Structure formats: C-alpha cells, structure tokens
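All chains are identified by letter, namely A, B and C, in their written order; residue positions are counted from 1 within each chain.
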C-alpha cells in the first residue's frame, strides 16, 4: 500500500522546463504522505502505550474489524470519485444479508456458490436503481440514496417482521471466521477487493472514465465518455460491495440482523474522506481509502485496548475527519 | 448635456487600458458605444459608474464635475448599469426584486405587501413594461428579466443615465424588439442611455448617436444618420491584418469530407447547408448567439439535431454522442477549456489520452506503455511544457492547457477537426504555435472547421468563410480578399 | 406513509366501531419501535390475548420508531380518536409525562409494559425487574467463576433505563465479591456487531485474564461469544451471561456457551392488557392472561389495584430451551 502511494506521486522528469509550481507539488506530496505519516505515528504511539498493540493477534483484530468498513468504503470511493455519495450502503448491506441468510438458515442450507452471488445481486440491483435515479433521472445522489436508505431498511424489516435470521450454515459462517493460509477470510476478501479496485482505477479505461466524470462531467462527455453509464455503474459497484460487507457481517455475528449496518455509511464516507478522496470528485485513490479505513479501525481498537471511553472515541474520529477535509481543501485552494 | 467625459485615462500596474476616453451624452438620446475587445469600453464604463477611479481626465454630470468613489455614489447620483450578468433572485416576486433592500414596511417590521405591489405596478406602468409584479422571477423569460433589471435601475426618481452592456446577447429577435421598444420609451422620458453592442443592425436601428473607442482611445463620434455600417465598422477595426498567418490556401477537390444538408436545431439553427473539403479550413464567423458554437456541438453529437442530414465522405452518418463522433473521425476542441475541455484535477497524460482510450486499451485494460509513448509524442509535437506527464493540468498556463485539449483532439486522428475559439485566452506565442498546428493538420489532407470571433485570425487561416447570423447562414466568402468590415457587416 | 396507513386504519376503525355500537373496547398498543425482536414478540402476544382473538377488544398498534416525539404524537392521536385504553412501552423514561396527564384527563387509562415512565398519572406498570436481572446474571457468573477472577461488562446505551438498572444490579452483586475484579466496563449499545469488536479488543488488551463476560443483554453477549470463538478460545471456559432470551441466546444456552434469563414478552404484553382493561371496565373484568396463573405466588393479581407488577425472570436451561423457542414460534405464527 505504501508502494502504491509512491507510484501515485512519482515524478517523471522531462527535459522540458518546469512550469507547474514546485511549491504545489511539495504540498501535494505532503498531503498524500501526511496520511501515511499520521497512520505510522498513530501506530507508534499506540504500541508505546500498550504492549499488546503490536502483537500479531491484535493486528489481525484490527484488519478484521476494518474489513467490513473497508469493503463498504471501497465501493463508496468509486461513487465519491464521480462526485456523488451513497448513503444507502448500511441499509443495502442489511437487506442483502437478510435475503442471503434465509437461504443458508435452517436444515437445508444452499451452497455458498449460490448464496453469495444472490446476496451480491440484491445489492447490485438496489445500486442499479440508485444509479438510474442519479444518472438518468438527475436526482441528486444525496437525495436518491437517502431515499434508498429508508426504502431498503423498510424492506429489511418487512422481509422478516423485524426478526433476525439465525442458525446460519457452517459454510456460510466461514465467510466470517474461516481462514485461508491462516488469514481470516474477511481480511482476504478485503485484500482481494482492494487489489481489484486499485487495478480497475489505475489500469482500466473504466477507472480513467470515473476520474474524468468526477473531475469534470462536461469535459468528460465532450471527450467521448459515456458519462451517464459511468455514473450509474458506480452505484452498482457500491451496492454489490455493500452486500459483500453485509454477508461478512452476518457471518461474523452468526445471524443476519435487521438492524445491522445502521449508520455504517458514515464510517465508510469517513474512511474515504480521511483517505484523501475529494468529496467534489475526480481526486482520490483506493489505497487512500484503505488507509482511511485502517486509521478508523486502529483508533477504535487502540482506544478500546487503552480502556478509553467510547465518548472520546467519537470525538477523536470526528476531529480526524475534519482535519482530513481541511487538508483536502488546502490542496484545492492552491491554485 | 447630461454627461460629458474628456480625456479619461486609466492604467493597470503601468499598462494603460484607457488613455483618452471621451463621450457626450444628451438627455433623451440612445448613444451607441462601439469598439472591439480591448478597446477600453469596460474600463470607461467602470469609471463612469464609480467601480474604478480614473487616473486623469474630467467627467461632468448635469453640468457638475464628478468623481465617484464607488458604485453607490454613482447610483445615488442617478447613473445605473445593467451588465451582461443578471442577478435576479429566482424565488422572489418581481416586486420584491425591484425593491430589494428598500421594501416598504408596516410598523417598521412586516413587509407592506399592498404598497409594494402598488408601487411596482406604477413603476412598470410608467415604463410601459407589461409584467405582473406578483409573478416570480423564475417564471419570466430572459427578456422580461432584463426589463425588470431595467426597471430596477430606473426606480429611483432621479435616475437619469442608464448604461446597457450587450443587453441582447442572449435574446431572440422578438424579445429584442420588446427590449428596443422599452429603451425608446425610456429615452422619450428624457433619460440618457449608453448602449454597448457589437451588432451593427441594432445600433443603426436603435441609436441616434455613436462613439467609437479603439485601443483605449477615442476615435470617432457623431450621429448615426450621418454614417453607415462600413464607415462605422472601419472605425472600429481600423487595422491591417493577414501579415501574421500562414499564406498557403487549399485547392478544393472533388469529394467533400463533410456535407451538411438542411441541418436544423429548433430555435437555434435553421437550414444549414455546407461542405468541407479535404485540406481546407472552413472559418465560421458570427456574433455571440448566432449559432456558430451550437453548430459545432451539434455536428459533434453534444446536442440533438432536429432535422437535416450529415455525410462524411458522402456516407450518411448519425452522430448521437461525442463517442460516435470520435469513432467517425470527428474531434472537437470546445470553446471553454476549463468548463468543457479539461479535467482539471487529472494529469496531462490522462487528459491527452481521454478521447483515445478505446484505441489505447485491450478489453478495457489500458496499454500503459503505448499510452506513455503517445503522450510523449504529442507533448513534443505540440511543445507542451510540463515538468511531468503526471502534472495536474490545473497547474499549467492557459496556452499549455489549450495545447493539451488540442493534443487530445489530434490524438484521435480526426479527419475532421472542429475548433471553437481555439486561441481564446492564449498568449501571443502559443497562438502562433496553434495556427501552425492547424495548418499542419490541414496540409495532411484533413478538414478543419474553425469558429472564431477574432476577425484577423479568421481571415488569416481560413480557406473559406461562412458567416452565421441568428441561426442561419448569412454569407459565404470563397474569395478571401475581403476586410474585417465585410465580415462584421455580414454578421450584424 | 406509515402515518397515512395508520390514519386509514383509524378511519376504518371508527366507522366499524360506530356500526357495532359501543361493545368493542378500543385499545391502542404503543411499543417503542417495531424493529426489535422483542417488540415484535410483544405485539404478537397482544394479538393472541383471548379478548383480542374473541373480538371484544379492537387493537391498534403504533410504531414509536424509537423517537419519544413520534410516540407522544401517537398518544395524542389516540386521545383525540377516543381510544378506550392505552398500553405502551415508552421510548424514554422521562419523555411522556405530559401525554400521560392528558390521557388521564380524558379518562383513558394507561398501563406501562416492559419499562417505566416518570409520571404519576398511569394506572400501573408491568415489567421484569431490570435491577433484579443485573443481580441474577452477575450472581450466575460469579457462581461459575467460583467467586473470583476477572470480568468485563458490556453496558447498554449509557443513560438508558435498561442500562442504569441492570448496571445497578450487576454492581450491587460485584460489591459482594471482593475477589472479582472488573477489567473493563463499556457500552456496546445493545449491538452484537459492536460487542464483537469490543470483545476482540479486550481479548487483546487482557490476554488470558478474562474469566467472566457480563452482557447486559443477549446481543452483546452473543457478539462476545463470536469474538471468543474467533480467537480460538472455547466459550465454555468463560462465564458468559446475558439478559432477554433472544433466539440465538437460547440456542447458545442449549450449547452450554452462556447463561441467560428470559424477558417474558408474552406476560408483559398480555398482563398489561388485562390491567388496562380492568382499569377501564371495572371489577367485572377478570384477568385472562396466563401470566397470572404462572406466577400466582410471586406476582398476585391483587384485584388489579397494584401500582407495580414485577414478573419474575425465567432462567433459561437446557431443559426448557426448546419449549421456549417453540412457544415463541407459536406466538409469531399468524
């Protein structure tokens, strides 16, 4: 992840004279590395304060606790890169996991190969509706997804009369507790999704188009990008990833709970923003978001193991979000 | 004499913007203030309305020497201006907009609505504007909004001078007529009106007097009935061209690259017929709102066309989106690089390759080596100066930014290159370079359509010129042995 | 939307009531919100009350949506619609006093179920004693730990009535065991996901030191069990306790992983309806709910005149687990 950050800021020297200002580039570098440095400092301080912080077990803890928010935040990154926002992820994860869970609960659980795609399709479908509403009906994303937040949550409660779906099959539970080569599956899922989205954003025309749409939708259209299709598609990604987060959450809590994921959209947005993605779109990276999610996870974990009250956790988290946005603004006002 | 200005001068950090501003305005007169870009009109008007302080010269208003320290002083004295940017508050009624900041109050607290509407009705009635003061601003047409702005400027009893800066630039013909009638009525009420416009037709229709500025200097003044279009345009232009452009002109060959037949866009363009042949630069000249930009964006698929047909190499094509256009070998450099050209937050490389991504990728995966190669090639070819291909374009100069947009268009290898004001806001050096690239592209046997407001550039690099006026083709010049006056004459 | 549906429902109600004269008793049921497993069980139990099934009582359910203002508006609606009686689970202990006063003035009796309100104007309260619950679970944990060791405590949302009372009970018992040390005490907001993360972090902060896990509700305790398992530990090696008796918790009790006590939704709902109907109809009304027979000694009917009825907690055991689950399923079936 650190190497990726370096890649992003790598400067290719050319023989042409410098016209862009040096100061700006130095600041941009500082902003990007600032987050890495902040994360590093956070880890150093915490490992001094608590001898267990830097143990393998605790690192696994942090990664595992980051996994769900990280998965949501990756989807959110795509949406925010286009200049939109997806407030419905918390609700979408709940309904997706509920639907999937009903197929793995009880005496005749279906195979994961059926249930996981099913859950993801539910999320993708709701995301698809978000995308249509935003891109083609021109409803502001804040409003469209706020509506979906309510609708999807309502469906969740209606689906099982507010009852949780327990007794999930062991194979399904392995999504939360299973391991691959000793690494817990949620971490593996996060890592794979991160790698995939990093690749999509940096190596594909689709990723390029997302940045262009978020940076300037009119220019993107004039340059021949199908801006509506791109805008709609990011919500599908976000919905599907929310569903994935929901499946992992259900597996970790060993039941699909109708109130699962309430307020999760805020943590996901926070991770994206802390990771340096601009809320106005066009600027940001998957690596930044992963780092943002890790910072939130690490703070929660660190303050828990230091025995700090949850009230202070909220204060610290809020302060970090504001500082991150301030950094973002200072970067944009450099012009 | 309502207003008399003599020898008004103003310099910005040593560079003179206006060196000898002069104007005599009679009460009851509609006085045209003419001049090209950079003639010093705006500076002069800003001084009269108190936005700027003059360095020297005298201004006498109603016989008294004045020196306004700010727009409010000028307003209080009775001089108002209606600029091109209107600022209505859409959610408020006409009456509220008229009396914003001076609403009549009842008991010093609540708005006295009956009085407000009564006053507004009286004011609009006196001016002869047929607008219901209870309507919301958002329900009004552009012309009506303009009338409200005029009424707002006139609602002070002592208001005597009204300055209008290109008031018809966004209006249709009928709306313009409505506006003219109102302006005449104001003049009949004894107000003095300074009317700025580039449209000769309007000036001769509406104004009784004129004053011409050029290069910050007063050039001529007089009564419109004593002059004609050619004289006036010559006074405005007064310059020699054609010495700074590539001289070669194209031979028109048999098959046209582009053929447009009866193209129409409702309310914007009507029955456009033209051809572009390989190896030529077709210049399209026209005033703002004449439909020239709309024509390019329609060809490029940014707007829908309502009627007519477009053929490339005699093959009928339907271009529904810029994507289609690029696939057919048509590329557009838009008028405003910041709002519709560049993705400012992205890098030079990303901006240049944006339109060529399909050709730079394999099943959606970008071939990064080739992308880098192409980017470097175009950066060298167009002499784009950047410390790195990863520099965000917002940190670049205007000329370099414009070259990036041009590079993007050229990288798609277009048979037909559409340029909308390709040198706007670009310094002289970069301008020359851009002319060279256009000429180069033309010489390779491609076609170019260029829209420009700069007469000398139009005459300099076009092989043929078509003039648009109010959505129609007004003139067609094959023989370019003509002057800027001819163009301006045809366009207005 | 919901409001509209209620309004439509109310219209239908008032016309039918008009047609069938005054024989039917209109009762409004106002749970804090229909999102929780418990509230749904509570509503289902109400609908199975003999007076409701026989049609003598016409029941309308209002979803308080976890918002005291919403709930107060609903009470006001019930008053203007001339409901005969109200049974409610308040969103907030202090949030409803003025509405209670208005209901009393309108001669509409109110019985509070499952919780309490800070108002003198209600008929009575029927609930399970949360202080007692705290005591029971802490005693159970202490017993399993042999009276010594280290515990962590998951609290409810700080300041909520349930958290205050259950914490009080837990602390009063802890005071009796000087050898039990509290390592951590923090809120997980009744949430399983929060309980999971918190327990993981505590297991890190206090490796091999935690003996007892006190959940002030089942959800948090269940989250803790997940964390214990994912750390490769055996829940049976811990004294894990919770309150409420949600389905997953009953299953965990069956598996020997935790101790929990049952919050009797049926008793609270149906007993409350008996109390409020008695208040409206007078002594001619005899209680119908099973809960009065079940706890004849511990909680006598007392002529329906009591102010506070405390239903004893049922300890969930491997023996009664299946029976409880089956009973809840029967309740929920339509």
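Basically, a residue touches a chain if its C-beta (ideal position, glycine included) is under 8 Å from a C-beta of that chain, and two chains touch if they have at least 3 such contacts.
Not measured: the values here are computed from a predicted model.
> Relative to the centroid of every protein C-alpha atom displayed, which chain's own C-alpha centroid is closest?
A
> Report the chain whose CA-based centre is farthest from the CA-based centre of subunit C.
Measuring from the centre of subunit C, the most distant chain centre belongs to B.
> Look at the interfaces A-C and A-B and say which one is made up of more C-beta pairs in contact.
When the contacts at A-C and A-B are counted, A-B has more.
> Go ahead and note the Å separation of the Cα centroids belonging to subunit B and subunit C.
Going by mean C-alpha positions, subunit B sits 71 Å from subunit C.
> List the centre-to-centre spacing of subunit A and subunit C in whole Å, with centres computed as mean CA coordinates.
36
> Could you work out how far the Cα centre of subunit A sits from that of subunit B, in whole Å?
Here the centre of subunit B sits 45 Å away from the centre of subunit A.
> At least two other chains touched by the same residue of subunit C: list those residues.
There are none in subunit C.
> Which subunit A residues qualify as touching subunit C in the complex?
Within the complex, subunit A touches subunit C at residues 50, 52-53, 55, 57-58, 61, 64-65, 157, 161-164, 166-167, 176-177, 184, 249, 252-255, 257-260, 300-301, 304-307, 309-310.
> Using the touch definition from the top, list the residues of subunit B that touch subunit A in their complex.
300, 302, 321-323, 325-326, 332, 334, 339-346, 350, 353-355, 357-358, 360-361, 364-366, 368, 379, 384-392, 394-397, 400, 408, 412
> Mind pulling up the subunit C residues that touch subunit A in the complex?
34-37, 39-40, 184, 186-187, 191-193, 196-198, 200-205, 207, 222-223, 226, 229-231, 246-248, 251, 332
> Okay, in this complex, where on subunit A does subunit B touch?
10-14, 16-21, 24-25, 203-206, 208-209, 211-212, 214-216, 218-226, 278, 282-283, 335
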